[in-house]
Structures are given as C-alpha cells and as structure tokens.
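I have a structure I would like to understand better, so I am pasting it below and will then ask my questions one at a time.
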Amino acid sequence: MKLIIAIIRENQLDQVREALIDAGITRITVSHVSGHGRSKTEEIYRGQVVIPNLVPNIRLEIAVNNEFVDVTCNAIISATKANDGGLIGSGKIFITPLEEVIRLRTGERGPDAI
Amino acid sequence: MKLIIAIIRENQLDQVREALIDAGITRITVSHVSGHGRSKTEEIYRGQVVIPNLVPNIRLEIAVNNEFVDVTCNAIISATKANDGGLIGSGKIFITPLEEVIRLRTGERGPDAI
Amino acid sequence: MKLIIAIIRENQLDQVREALIDAGITRITVSHVSGHGRSKTEEIYRGQVVIPNLVPNIRLEIAVNNEFVDVTCNAIISATKANDGGLIGSGKIFITPLEEVIRLRTGERGPDAI
C-alpha cells in the first residue's frame, strides 16, 4: 500500500478530483496549504536574498493499493496538463510507503480497508 | 517508530483527544481537512457521473514508538464508536514508517525525542 | 529521498524559511495546524484529567534528496533557537521515507524532480 501526496494548484482541484473519480479513485483527503517551488528568480534585491512569497496550493492525500498507484498518478498528471499543457509551478506527486490501514467503522485492516 | 495519521469526523475530535490522553498519548498534531470516502452513491445523474462533495474532517498526526501503536489505534477506534457504534464515514487510520525524530529544543533524537 | 516534516511555532516561520533558503532549500510546503506536546502539567483538576488546549503551530513538509537531510534539519534547528535558545514547545522534526517524486509539469521522476 502507498500513501500518495500531491501538491496541486487551487484552480485545478475540481479537474483533478473529476479525473480521479473517472479513474475509480473516490477516496481522498484534501487540505489547503501554501508553498514555493524552485525559484527561477532567487533574486538578489539590493544585495539581499529575497524570500519568495508563499503561494496557496492544495494538498491531496490518497491511500491506495499498489496496483492503483499508476492509475492515480496518471489521472493527476493528465488532469493538471488538461488546460495549460504544463505550466511552471504545476506541482508534485510524492509516493510514500503505507504499512497499515484501519477502517474505523468496522475495524477492517489492510488492502480491504483502504 | 511510526507516524500514525487518522482522519476522523470533526464532531469526534474531543472524544478522541480525551481517549488518547487517557491512554497516555499526549503529543499530537491536528489539522482541518476535507475529503470523501467510498461513495455508496456514485450516482449517474442525467448521464453524468456526479462528483461527491468534500466533507470537512479532522486529520491527526501522531508520532509514536512502536510499542504505542496498538494503544493509540485502540483509543481512536473505541472513541469513534463511543457514541454511534460505527457509522458510515467514521474515518481511517494510516500507519507509516518514521525513520527519525528530533526535538528542536534539545536536539535529542530517536525514541526519546518522540 | 526523504520527506521531512517539521512542526514549528507560528512566530518562527519566517526565520525558518530564511534559514532554509540560505541553506539552498527553496522548495517547501507550509500548512497551519495545531497541537500539544508533552505536558508538564498533565494536571488533575478537581479529580479530572484536564485535556490540554490545542496551540496553533506551523507544519512544514520538505522533500529532499538524501544528501540534503542534514543541511535541512540543521537549518531548522539553528533557526528555531536563534531568538530564544530553545524554549519548551519549540517543535519537532520527523523524517520519513520517500519512494518516488514526480514533477507534474514535465513528468520527470526521482531525485531530479524533487
């Protein structure tokens, strides 16, 4: 099992959610974050390094069984390119290991609980 | 060491916090998220797949030593069933590996820093 | 690759961001959380265990290649001690494994995408 974390633009949340649901991925957790990526302009302004502003982003957290990792990532990749063909600052996917899942209602564990 | 992530209902945060403290787990991080779980009603509405609404939830993040994983999960499981016996949408626990912990005040590392 | 999570005080966010950028770490994700650490005062008030209040904190999430783990942690450790020499409740760093990274704009994967 994997815990997939994706940081995307706020204005792409709906198209990403739609793409995930079309791909059969209906269970997700969403939160509002901010951040900065690689700065083209790590400018020196009057001799001072300028600290970049924090830009609002969306963080998705999606626990999936291994066979759904690719379908999940592909849905996010296609959806974030759908309108703009890939702009600077489109975001990242991070894939991390997930050792156990428990459904609170039933106490079920493992791949069936995901 | 493990990093335990739990997604619970907003109205169960206090009873979960109380259960964790009763079980000796006092160190936690809390955030406001939203999400959707498995949809009974992945309805087709006039030929369109309906995207489910995002429901507000609470995300708990709890770093624990291995011998506290069960006590932590059991406290959350019992507390979320306390009032309602286990309703649809009660949430999930995700257990992920945690390689290192550092207490910023002292620089302590590992199980003692948790 | 590692996913570094740091919980810090709200009033130290700017000095931590500055220290990270000085250390060459420009890509981060920030969110507002709350929490409690170890309670000096797990008080019994009139025979009742008192549930501690949730204190507002900042959560940083930083994906780095392995050779940047130390530089990242050291920047956070120094910055959080800069003004106060290490106060109770200064926060924690959690280091977790990161298996894959994808840059959404390009589809790049792995260490180059981070």
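Every chain is named by a letter (A, B and C) in the order it is written, and numbering of its residues begins at 1.
In the analysis below, a residue touches a chain if its C-beta (ideal position, glycine included) is under 8 Å from a C-beta of that chain, and two chains touch if they have at least 3 such contacts.
Just so we're clear, the structure is a prediction, and the values are computed from it rather than from any experiment.
Colleague: Any idea if chain A and chain C meet via the same residues, over half in common, or different ones?
Modeller: Mostly different residues: under half of the interface numbers shared.
Colleague: State the superposition rotation angle between the two copies chain A and chain B, fitting on C-alpha atoms only and giving a multiple of 5 degrees from 0 to 180.
Modeller: Chain A sits rotated relative to chain B by 120 degrees.
Colleague: How many angstrom between the C-alpha centroids of chain C and chain A?
Modeller: 19
Colleague: Touching two or more other chains, which residues of chain C qualify?
Modeller: Residues 31, 96-97 of chain C touch two or more partner chains.
Colleague: Can you check the complex and tell me which residues of chain B touch chain C?
Modeller: Residue positions touching the partner: 3, 14, 17-18, 21-22, 26-31, 61, 63, 96-107, 113.
Colleague: Flag every residue of chain C that touches chain B in the complex, lowest number first.
Modeller: Listed in rising order, the residues are 2, 5-8, 31-39, 42, 49, 51-52, 54, 57, 59, 73, 76-77, 80-81, 86-97.
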